[in-house]
Amino acid sequence: MDAIILQILNGLDKGSAYALIALGLTLIFGTLGVVNFAHGALFMIGAFCAVTLSRLFNLSHEVEVPGQTDFLGNPLKKDVPYLHDIFGEATGSAIIDWSVPLAILFAIPIMIAVGVIMERGLIKYFYKRPHADQILVTFGLAIVLQEIIKYYYGANPIPTPAPDAFKGSFDFGAMIGFAENTIIYPYWRLVYFCFAAVIIGAVFAFLQFTTFGMVVRAGMADRETVGLLGINIDKRFTIMFGLAAAVAGLAGVMYVPINPPNYHMGMDFLVLSFVVVVVGGMGSLPGAVAAGFLLGVLESFASMREVIDLIPGINQVIIYLVAIIILLTRPRGLMGRKGVMED
Amino acid sequence: MLGLDKKDTTLLLIVAVLTMCAPFLLNPFPEGSGMAQFNAGYPDLMQRFVIFGIFAIGFNILFGLTGYLSFGHAAFLGVGSYAAVWMFKLLSMNVLPAIVLAVIMSGLFAMLIGFISLRRSGIYFSILTLAFAQMMFALAYSVLTPITGGETGLQLALSDPRILGASATAEGNIPVPALFGLEMRSSTVWEVGAWKFTFNTGYYFCAVIMLVSFFLAIRIFRSPFGMMLRAIKSNQQRLRYTGLNPKPYTLAAFVISGMYAGLAGALMASMDPLAGAERMFWTASGEVVLMTILGGAGTLIGPVLGAGVIKYMENIVSKINSDILHGWFAFLPDGLEDFVVAIIYPFIGKGWHLTLGLMFMLVVIFLPGGLVEGGQRIARAFRRGKKNEAPKAASTEPAE
Amino acid sequence: MGILDVKDVGKRFGGLKALSDVNLSVQENTCHAIIGPNGAGKSTLLNCLVGKLIPDTGSVMFDGQSVLGRSPHEINQMGISRVFQTPEIFGDLTVMENMMIPCFAKRDGAFRMHAYESIAAERDLIEMAEAMLDDVNMLDKRNMHSASMSRGDKRRLEMAMCLVQNPKLLLLDEPTAGMARADTNNTIDLLKEIKDKRDITIAIIEHDMHVVFSLADRITVLAQGTPLVEDTPENIKGHPKVQEAYLGESH
Amino acid sequence: MSKTTLTRRGVLKTGAVAGAGLALPTYLSAAGHEGFTNAPTGSTVTLGFNVPQSGPYADEGADELRAYELAVEHLNGEGDGGMMNTFSSKALQGNGILGKKVEYVTGDTQTKSDAARASAKSMIEKDGAVMITGGSSSGVAVAVQALCQEAGVIFMAGLTHSNDTTGKDKKANGFRHFFNSYMSGAALAPILAANYGNDRKAYHLTADYNWGYTTEEAVKTSTEALGWETVAAVRTPLTQTDFSSYIAPVLQSGADVLVLNHYGGNMVNSLTNAVQFGLRDKLVNGKNFEIIVPLYSRLMARGAGENVKGIFGSTNWHWSLQDEGTKAFVKSFGTKYGFPPSQAAHTCYVQALLYADAVERAGSFNPCAVVEALEGFEFDGMGNGPTLYRAEDHQCFKDVLVVKGKENPTSEFDLLEIVEVTPAAQVTYDASIFGGELGTCNPGA
């Protein structure tokens, strides 16, 4: 029982990352009808926003440490961040410590700008082009973005920890009456889960309760008619793209303390997020979220020792296996609509 | 000729001449010159050009004609490679049985995966094929290690129990793949002045197979079957109400293109007897999609061009390092040399991916029909320049 | 017994009764029109005839065989060709290729692996297709990209594609919907010509009374999923029930 | 009508040209008249450096490449000579190899066996490389080694840690300086027992591919021999990025040690996740919970940041060693590039020098002569103490370093501290235990 609760928790957490990425992807799919292979790259850029901010905070000048030498025998120099000089050591350290949450504020305008530039500068010319062309151009863009990041940040993962207050884990099992150490859960993952829930809720609320959202939803259902109503769809599409980019970027920012980011993290998530979106059903936001959580939980269960012993290799294929089964039993995924991307 | 019309015959002949003369055409720069870096006329790369050409031609039969975008075609390439290497291990180093088994095996896999995946269309179909291929990759890399060799790949060993043929050569080495004694790796080198041209048995073997594949692809394109496939892409509903069943047609196209992939895999194994699981990773499937679109999906020659360009980038551009760059620009004054090198450096060598990505974007933005469209535009510009007075009837012809 | 016999056909969509107790018999070599107000179930009925939908109850017999449970291509192979409300053609193909596909379907059946043969070698089929194109005055457009033609031409092409198969029954689903008057008249002329020249049975679903009364030998009026009345055009014209059904629609 | 004739004539003409081309075999000359592949003929010799330049190991590859460039400098008599001054064999003169200036070509393995073989082949076929070296994974090493065996050139493996490279998949033309899984296990176990006691319950997370299997096996066997119990061993997919669902059940199992048989990105993520779950703050069975990473790499440790502190592992070499060889190498590398070399850089540098030295001593580039010179070769002064290139499996036997993540690093390079230098004798094993056949050297054409 405790093992099952444990994996459900893990799955929800994994799922929240999948759901966030898939949410942005399906916004673009559903509203714009564009297959965006650069979506993973947006996630990655978000993560590197956090890295960049943390680096900015850590901008330092060198101070010689008396009595110690570096590997070549020269006097050892220690880096002192400028923030320490400006705010004093305590406040300076605290700001550096909180660089990841602060990066959210930093990332939102950047991601929206990236999204808008991408849409206005490139994607807009591809609405009427075949999906194959969209794939090629966005894949090319993803490679370019990735290589630029690699050029400046290298290929290795870059550790960017969470604030000290959120390090470590708490014993969830003990709280609900299980034995000690049976269900432990890291603080930051709880933060991530809540964060994802808030973002998902906000996106839904935005689409549900604003006029803008209404038009967009109508556009997802029937683009031509909305276009005929004389509503400026173009502008709204641009905003949607910015929004999707921001969602992907924020997912990336907050993911940084969970796993150190590297330049190809977007590609690692890309295939998975497409699977999630399709399993959820093309053009369905709730579908994407549900599929994200479902696949996260199933993946967690498949990684249990008992399950692997029973079916060797199941943890390698579970996501794809589930995707195949769902697509064969439910032709349009969990909540897909007819006629979206079926040609 | 061979049941082709004039235009197709010309195309086939051009391709034949190009492939047969590839050792010359791809080595235009004299050995030792600064430009020799751009020579691609060495056996391995020439083999890759034609093998990936075959892969892309086959993929185009499915994607270019029916519009079904498979994102898992590399799985069949992998199956073909594994089957071929197992034939080398167990039966004989002759490439023919290996190729035959590989084509059959990949055909069977394609039949099974196609039968299931073709129950859906559009992006759902793409994801189904992707899922199958990823499952095959993951299993081949891990739990199926005894069959596939896992991480290190399936390779020949001195202890292989080869039924027809020796386990080891007289010198104690592993025998190499051959066609009735004609070793695939054997080459003759022809030195003309500063030029060096390599004629490799394996390359010519692959090239002949590629020409046959290309010829068959032309026949398929021009056949009633090919027309039905294009009709499927155009309007499945009408096709059904015209009394035709699209399912067996798409499945047949899927299996044919899977067999082409298997053939390519077998040839890869024949040129270099190793089969690795990475061959089935989704990026490998993506690569053939990109080759096809880059060259021009639905055209005959496009996929081959696309395959050539991508493989050229991967093998030539990636090998240019900063030393070579400095060598090229040594004639410039020092400061300027460093500046020029600094500008170019991010795009070559380890930055070759960047160039590739930029090229994808530029081609698809400016040449929506792929490289073939680029060629057509150039040709049209020439034609227009030549005879301005000629009526513009030619431009209404469908693109091929 | 007609060539097409519809018996007691009923179809529900959830709680909505789309068709009930439909009985209909189309006689060989006649033109039978099915008319009715919007939502009367005309399209549902048609879809039940061609295999797109399977009725919940009843039977549909064509030429002595049941069509129920068969897929569209099988039903076509039995001899039913269908023309759609908006012309369905192979837009990416040339006019001639559009014509060749039904020719192959007629001769080779639902599937044949003719991957190595050349289309150019099929002289018989090419002649057949050309003759049909000539019949509809489209021979000069044979190499045109069919998507780039006018709607009227597309309609004619679609009819030609159906007719070249020599179907026993031609189903027309509002063939003049959305057409200008001149195009409509052309279509009527074309259909009349077809009717006169060939031994063919036509079932037509139509909204436009002008079309119906120019072509039909018999008319069935459908209202709320049930046949109201079936008679000759002359009798239908003044039939009170029909007027009621159509007046009812306008309110 | 006239058009047709024109075409036909055109075709005939082309055919005639093609025919003429094929009718000139007398001008053709067979390659390799020296009796082996790519025998250097001019005043230069070309070496092929095949390292990952794209993909997750690109930084490691870049460091390898730096080391090779440094080695080439030293071999050609430029720079300060580095380890050539401390190397016990004095055959190298600083005038290239056998008087031929050393040139090199580079290629991108992408850490994929196919791509690695393609780039190695192009070096052999196009650039005339007489030796291929480099790489950052065992899959690539095994694949390229087999290729070199077939082509008749020498392969000097870069970073490859699987037992298979010089075990099951060993080849006569291939040599490995780097240590392997078995040695890691053998070196680590006594230190672990000394620090954590003999009564421990270990939980293994293992990368689900060949290298993972051999490492898991090695660590398991050697720790079990000292009294540890293995509670479970779970395989994780290569493509896994989030290891939470594998880490979370560890505590429940009653284990008090977690062994992460992961490398590269897998290692960074699994270690980060394990620390995130607070495993190291836990007390299980009355003991502190511990984490072990059998194969450490400083470059990768950097990716895991603070999480490596206090975690045991093994490594082939570390720049903080104090022997003369290491000091000389670190000095020349550090002077040139501004930071200390990684273990990957070290092994690559040493391999390049060892090859050059073997050629000098053999007096020939012939692979078979080189193999003979390297087999059973004993040397010192290369940073690892006295070392033997064993003839039976072409594996180097030398001391293995047991290291620990440093608590108070002074710089971003100073992440590991050496806990113990396990003597070579303790990690030596019988050459036959992993099977495989070396075969005979192949000089190629």
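We call the chains A, B, C and D, going by the order they appear; numbering starts again at 1 in every chain.
Basically, a residue touches a chain if its C-beta (ideal position, glycine included) is under 8 Å from a C-beta of that chain, and two chains touch if they have at least 3 such contacts.
Just so it is clear, the model here is predicted, and its values are computed rather than measured.
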Legend entry - Steps needed, at minimum, to go from chain C to chain D via contacts: 2
Inset, instruction - Compute the centre of every chain as the mean of its C-alpha atoms, then state which one is farthest from the centre of chain C. - result: D
Legend entry - Centroid distance [mean C-alpha coordinates] between chain B and chain A, Å: 34
Legend entry - Rounded Å distance between chain B and chain D, as computed from the means of their C-alpha atoms: 31
Inset, instruction - Could you tell me the distance, in whole angstrom, between the mean C-alpha positions of chain B and chain C? - result: 46
Inset, instruction - Could you put a whole-Å number on the gap between the CA centroids of chain A and chain C? - result: 52
Legend entry - Junction residues of chain A, two or more chains touched: 316
Inset, instruction - Would you please write down the residue numbers of chain C that are in contact with two or more other chains? - result: none
Inset, instruction - Name the residues of chain D that each touch 2 or more other chains. - result: 54, 58, 62, 208, 235, 237, 239
Inset, instruction - Report the complete set of touching chain pairs. - result: A-B, A-D, B-C, B-D
Inset, instruction - Under the touch definition given earlier, write down the residues of chain D that touch chain B in their complex. - result: 4, 7, 11, 14, 18, 21, 24-25, 27-31, 53-54, 58, 61-62, 105-108, 112-115, 117-119, 121-122, 125-126, 137-139, 142-143, 146-147, 149-151, 162, 164, 169, 208-211, 213, 235, 237-239, 436-437, 439-440, 442
Legend entry - Residue ranges of chain A touching chain B (in the complex, touch as defined): 35, 122, 125, 129, 131-133, 135-137, 139-144, 146-148, 151, 267, 271, 274-275, 278-279, 282, 312-313, 316-317, 319-321, 323-324, 327-328, 331-333, 341-343
Inset, instruction - Quick one: which bits of chain D touch chain A in the complex? Just the residue numbers, please. - result: 54-59, 62, 208, 232, 234-237, 239, 241-242, 244-246, 248-249, 251-253, 265, 268-269, 272-273, 276-278, 281-282, 284, 299-300, 302-307, 319-320, 330-331, 334-335, 340, 410-411, 413-414
Legend entry - In the complex, chain B residues that touch chain C: 3, 5, 216, 219-220, 222-228, 230-231, 233-235, 237-245, 248-249, 252, 256, 396, 398
Legend entry - Residues on chain C engaged by chain B in the complex (per definition of touch): 50, 71-73, 76-77, 81-82, 84, 88-94, 97, 100-102, 104-106, 108-122, 145, 161, 165
